[in-house]
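Multiple structures are listed underneath, in structure tokens.
Two complexes follow with subunit A in common, the first pairing it with subunit B and the second with subunit C.
Now for the complex of A and B:
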């Protein structure tokens, strides 16, 4: 059947009409092969304009369409819908951007007109090689996977479950509650941490919509927003979860490793923050010899230089540590060696001042080293000079760092990490809880150091985002512009599998060729570009289509 | 040379007898006596006709290995003796899953170079004689230009890691066994042989030679540059190409099932050609000659091992391999990549490095 191509010119009010001579355009394109209709309208995206297109398609039996108007980013979808309304496959249409690329940027009307003609001819030449693509619909899965059962993970899960969402929590350790469970009290309320977190755990355990998988790790993630398939390993058993969204709430660890020795770790009575919390939990603060310490030094900023960032919470928990000591031993000497206090919250300043009033000494140091054989000696430099202080006990306030094994999860989820290893948010201000991968969210310390309040706020934000964007019953339209691998051209080198970001390509061992899973493919074109034997084509962006467009554009 | 070759044959026979391997893949002289073919053999009589170091590269060894193992592992063990450039191409193909080396012992040797195919087929006996005098003369004038400018003829200083390398340079006809992988070590111990411990002479002389040849490479490339830098110069150089595509057919790295340039994608409608003719004032038929060579350059630049088979085969005497060596060296340097150096060194195309984006930042 011979093609009947329609070309529609949009004036876009005065936007295009003032700069592009439509008569000249029509003259230039009227003799193009198969062009059966040339239309012009004041505003094609208006209701009247859309009707005009639909009528023209029906009346002239048009089989392919070029619309010369604005950027496809603005109205490509609009016009695709118009095609559908007229019974034309929406992929048999191509847009020519004669507004942003011509009218708006070229002063000279003659020049703008010439460029517009070239663009329209390019689109015309391309559209002749378009093939109709059929849309598919699949059901979106409203269930959610939460990775990490710390306070952030618990909070997200509860918020989602209370809105009747099925939630799976995958927790690496054998119990829920995360780091918070190891604390005694929470600043600034000095409320009991254990009861705080255990209340949450109880709620989670009572919630029928939440399924907890302890001692479990995510092994593989395939799919995309609305349709993830997740392989989870529980001890040695593997199971498969189907969810629509994934929340990464993997938390943090405290700065550790060889560098701690620089801060005196290894000397008797030098403790890490968590060791100290555990000691406090026993109800007694005692030195190795079993005596109550007369003097305790709390060292701030342990690991800050090494990590290259301020964790923002160590100052506050250090002040909390001073409270622990003063509560038990009113007369003990407590010195906090800090490098400038970080107290950004409306309640923090008061918490600090109240603690100081208990007799806690705050010393601003420029440099610090801890030595000693039997007892720790702190050698420090202030603006006044060099000093030394021997104490009975030292507590190190370490920075927060990403947990070990997080790199593997980043690879599995295909989301990016920053230099220190925390996951990168999509945008630091505008999209702080989403990632570069649609449907994968980050909350709490997975994104970077945070206190409990900030983590809970983020948990709520993530839950809200999921509830509003992943609605039960919503249909997903998988991309139809997907990759196609030619069985006869594929050499089986599997380069495409290595570069696919969506796990959408698998290897057919029997035929020794790669194959595309069309539901998972997002049409990014990575595989097309990297295929060494040109065996892959992206539908709607085939070599032929692009070539034909370029031929005319560079004519 | 003859003594050396019979020593190697002896060694390979022992490998068969001791059942260290099940068969050998070696170049064997064709009945007419004017070329060599790769033959898989275990028979003593055939082994007598095999030459582990033939004077020419007829079929590039990598292609032989690839056609043998492309569809999967062998279920028997073989050893093969190859020039370094052939072995390196083999390793490149293995990275692309076009060869499976699990059951193959890849043996290389210090390569004295090869002689032009055309010269050999005209007077095979004379050339054989010339070639047999080569061993010991590492800077001969008889060998192909691409061999004269080859700086990867020996594996000193981690040049390339085949299973077993046999050092010959500076050893007065003696062989130094240098295993580079576990497989190589196993092969050697299966023969009751030990790896050479004192490699000082070999290393020293090899480094000297590499330095000389590297300079030669630069010198010849610089001489060639005016003919190939820029589109005009390239067009002129490739103008005499008759589009026979033989360079592609003999290239060990050209792995595509169907060449893009033979595909429907490059067959255009008449008006397409007319547009092009209109633009440049005329269009040559067959079209796309230069595009073909540029396309091959882009495809091959990272993996090109400068084996010279393309140049050897070109009926129009275009210096294809020398031109490719310039492109290859530059592109490989850019990615700090040496084709065929190691099997587990990934192809740059599959490696994502964030800092590479910075090079593109404005």
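Now for the complex of A and C:
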């Protein structure tokens, strides 16, 4: 069937009409092959304008459309909907931006007109090669897998279960609660950590919609948003879960790199943060010799330099440690050696000032080293000079780092990590808890160091995203402008697999070619650009379409 | 249940909540006091730490909000009364007339030029001018102007209709009236954001002598769509050779660190170094606060570009022979530094009308004036059931934390519709 192409010119009031000579434009395009209709309207995006297009499509049986108007950023979607309304596949349409690119920036009317003609011809040549693309709908499973049973994982699970979602928690260890279980109190309210987290665990255990798999690890993940198949290994038993979304809430560990020795770790009475929490939990703060310490030093920023970031939490928990000590031993000397205090929330400064008022000493240091045989000696440098101080006990406030072995999970899920090992979010500002892999979310310290409150907020955010995007009974519409690989041209080099950010390409071992999972592909074009044998084409951005457009634009 | 939600505030937080709820099939009324959406983010040229163009980052979100059929945007609108309870709130809104039709106007801007009035543009921190019919910034969304009736000649009784004559789309209607709108909603989200305080303390010299700028004034000076087209000029039109950035302005008085000021101060240092390579930049700080996995790296990069950092105990900005002198105490020693420009990095504060507005909503403020959370670990729940707080209305925070809270609020509201 012969194509009938319609070209519509929008005056955009005086905006385009004043700068582009429409008579000259019409003259230039009227004899183009297959052009059966040329329309002109004062404002195509208005209700009247849209009706005008629909009627013309129906009346003249138009099969392809060029609309010369404003930027596609403004109205491409508007006109795609118009096409649908008229029964035309919306991908058989192309926009030519003769407002922002011509009328608004070129003073000379003749020049603006010439450029507009060129743009319209470009769009015309391109649209002749467009293929109709069909929207697809896929069924989605509303169930969710949460990896990690710490406070973040518990909160996500509870929020989802309360909305009647089935949730599986996969926890590596033999119990829920994560690191928080080891704490005594939580800053700044100093509420009891144990009861806080145990209440949550109880709620989770009572919740029928939550199934907890302890001593379990995720072995393999197949599928995509809405339909993941996950292999989980529980001790030696394997099981398979079917879920629509996956939440990674794998938490953190405390820094234990080489520089711990630099801070005296290994000398008697030098403790890590968690060792100190455990000691406080016994009810007694005692030195190795069994005496209450008369002086305690708390060292901030342990590992910050090696990690290359500030965890944003250690200053606050160090101040909490000072409270622990002052509560038990009012007269003990407590010195916090810090490198600038990070107190980033509305009530944190007050917490610090109140603690300082208890007689805690804060020293800003430029450099610090701990030595000693029987007792730790702190050698430190301030703006004023070099000093030494012997204390009975030292507590190291370490930075937060990703848990060991997390790289394996990253590979299994095909989500990216930063240099430190934290998972990378979809966008550092606008999408902090989603990843480049749709349907895989990150929350809490898996995304980056944060405190309990912030982790809980992220847990809630993930629950929000899942409740909003994965609605029971609602089908998902994947991107239709996706890559396709020619089996005959593919040489099996797998370059495309390496550059795909979405894990959308897999290798067909039997045929030795790469294949696209169309549900996962987001149409970014990375694979197209990197394919050495030009075996990959992106639908709606094929070489032919782009070539035709460029040929005309550069004529 | 009405299957509808009211969101107050059209900044990044309010937009995110609205989009998530609308995508889940809820009807959203998004009420915004100003004529545009985008909030404080659109005042910025770049955002830290990736130095991404702020308006480019946010424009797709704004477009999504404007195009979403389930979001009804009410600009120039304020909530006047709230009654009822979760699942059934009755809300009265006062919507000021824009005098320009949101549907018919295509945002071509033909109406501004003939307007004979020129006044200071408050959206440009009074550094630039605008007409009586105007859009706040080039590229504002919705891209539809409004008439400022305080300055429009016609509203002052003169027979001017220059804008109406210039409009090809009959979009201007001088007879438009303010409206009182009543809504029924299940839940309310307070995402009213923050303000940056203008330092009233005379020690900072703000308002006393030229070339002492607030953070947002400086953002506008650097903004490519701002009053100087992105050129950092002193008031006399010359380029400053030395700039001091003072961190923690207002921290002592307000009693908290607002988390983002160090980072945006380092961003400012980058702005200056980018535009004026040879400029001497000195940053005066009390504590450097850069909590986040990628923030230290950003700071290291800025330090490499040759900025000087001074930890101060006391500071005072004073004039001296046409330039500015910074008297400061560091390590107990008094020192002096002469500079040509000063930028004051202030802490984030709640709005002035917080107590009044809290009363309208029936919620409480905390000791700092932010809306009070129900519980330390439920920061998005206000003290009244069904009313949620998100973003900087709850406490100072960066964009990513605002977005996370917005998403959490959306989740909590969707949970209301329950099992």
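By our rule, the second predicted complex is superposed on the first by the 421 of 555 C-alpha atoms of A that agree within 3 Å, B and C clash if a C-alpha of one lies under 4 Å from a C-alpha of the other, contacts with A are read in each partner's own complex, and residues count from 1 in each chain.
Rule of thumb we're sticking to: a residue touches a chain if its C-beta (ideal position, glycine included) is under 8 Å from a C-beta of that chain, and two chains touch if they have at least 3 such contacts.
No experiment lies behind these values; they were computed from the predicted model shown.
*Asks:* In the overlaid three-chain picture, which partner chain does A:162 touch, first (subunit B) or second (subunit C), both, or neither?
*Replies:* A:162 contacts subunit C only, not subunit B.
*Asks:* If you stack the two complexes on chain A, which partner ends up touching A:489: first (subunit B), second (subunit C), both, or neither?
*Replies:* first
*Asks:* A:498 contacts which: subunit B (first), subunit C (second), both, neither?
*Replies:* first
*Asks:* Considering only touches as defined above, state whether A:535 meets subunit B (first), subunit C (second), both or neither.
*Replies:* first
*Asks:* Counting residues of subunit A in contact, which comes out ahead: subunit B or subunit C?
*Replies:* C
*Asks:* State whether A:222 touches subunit B only (first), subunit C only (second), both chains, or neither.
*Replies:* neither
*Asks:* Of all the subunit A residues, which ones make contact with subunit B and with subunit C?
*Replies:* Touching subunit B in the first complex and subunit C in the second, no residue of subunit A appears in both lists.
*Asks:* Help me check something: in the complex, which residues belonging to subunit B touch subunit A?
*Replies:* 71-72, 96-98, 255-258, 260, 263, 265, 272, 275-276, 278-279, 299, 347, 349-350
*Asks:* Using the touch rule from the top, collect the residues of subunit A that touch subunit B in their complex.
*Replies:* 488-495, 498-499, 512, 530, 532-535, 543-544, 547-548, 551-552, 555
*Asks:* Quick check: in the complex, which residue numbers of subunit C touch subunit A?
*Replies:* By the definition above, subunit C touches subunit A via 12, 16, 20-21, 23-25, 47, 49-50, 52, 57-58, 61, 63, 67, 104, 106, 108, 110, 168-169, 251, 255-259, 287-297, 311, 330-331, 366, 368, 370, 376-377, 379-380, 395-401, 403-412, 414-415, 417-419.
*Asks:* Considering the complex alone, what residue numbers of subunit A touch subunit C?
*Replies:* Checking each residue of subunit A against subunit C gives 12-15, 43, 45-46, 73, 77, 159, 162-164, 186, 188-189, 191, 196, 304, 308-313, 340-350, 364, 383-384, 418, 420, 422, 425, 428-433, 448-449, 452-454, 456-469, 471.
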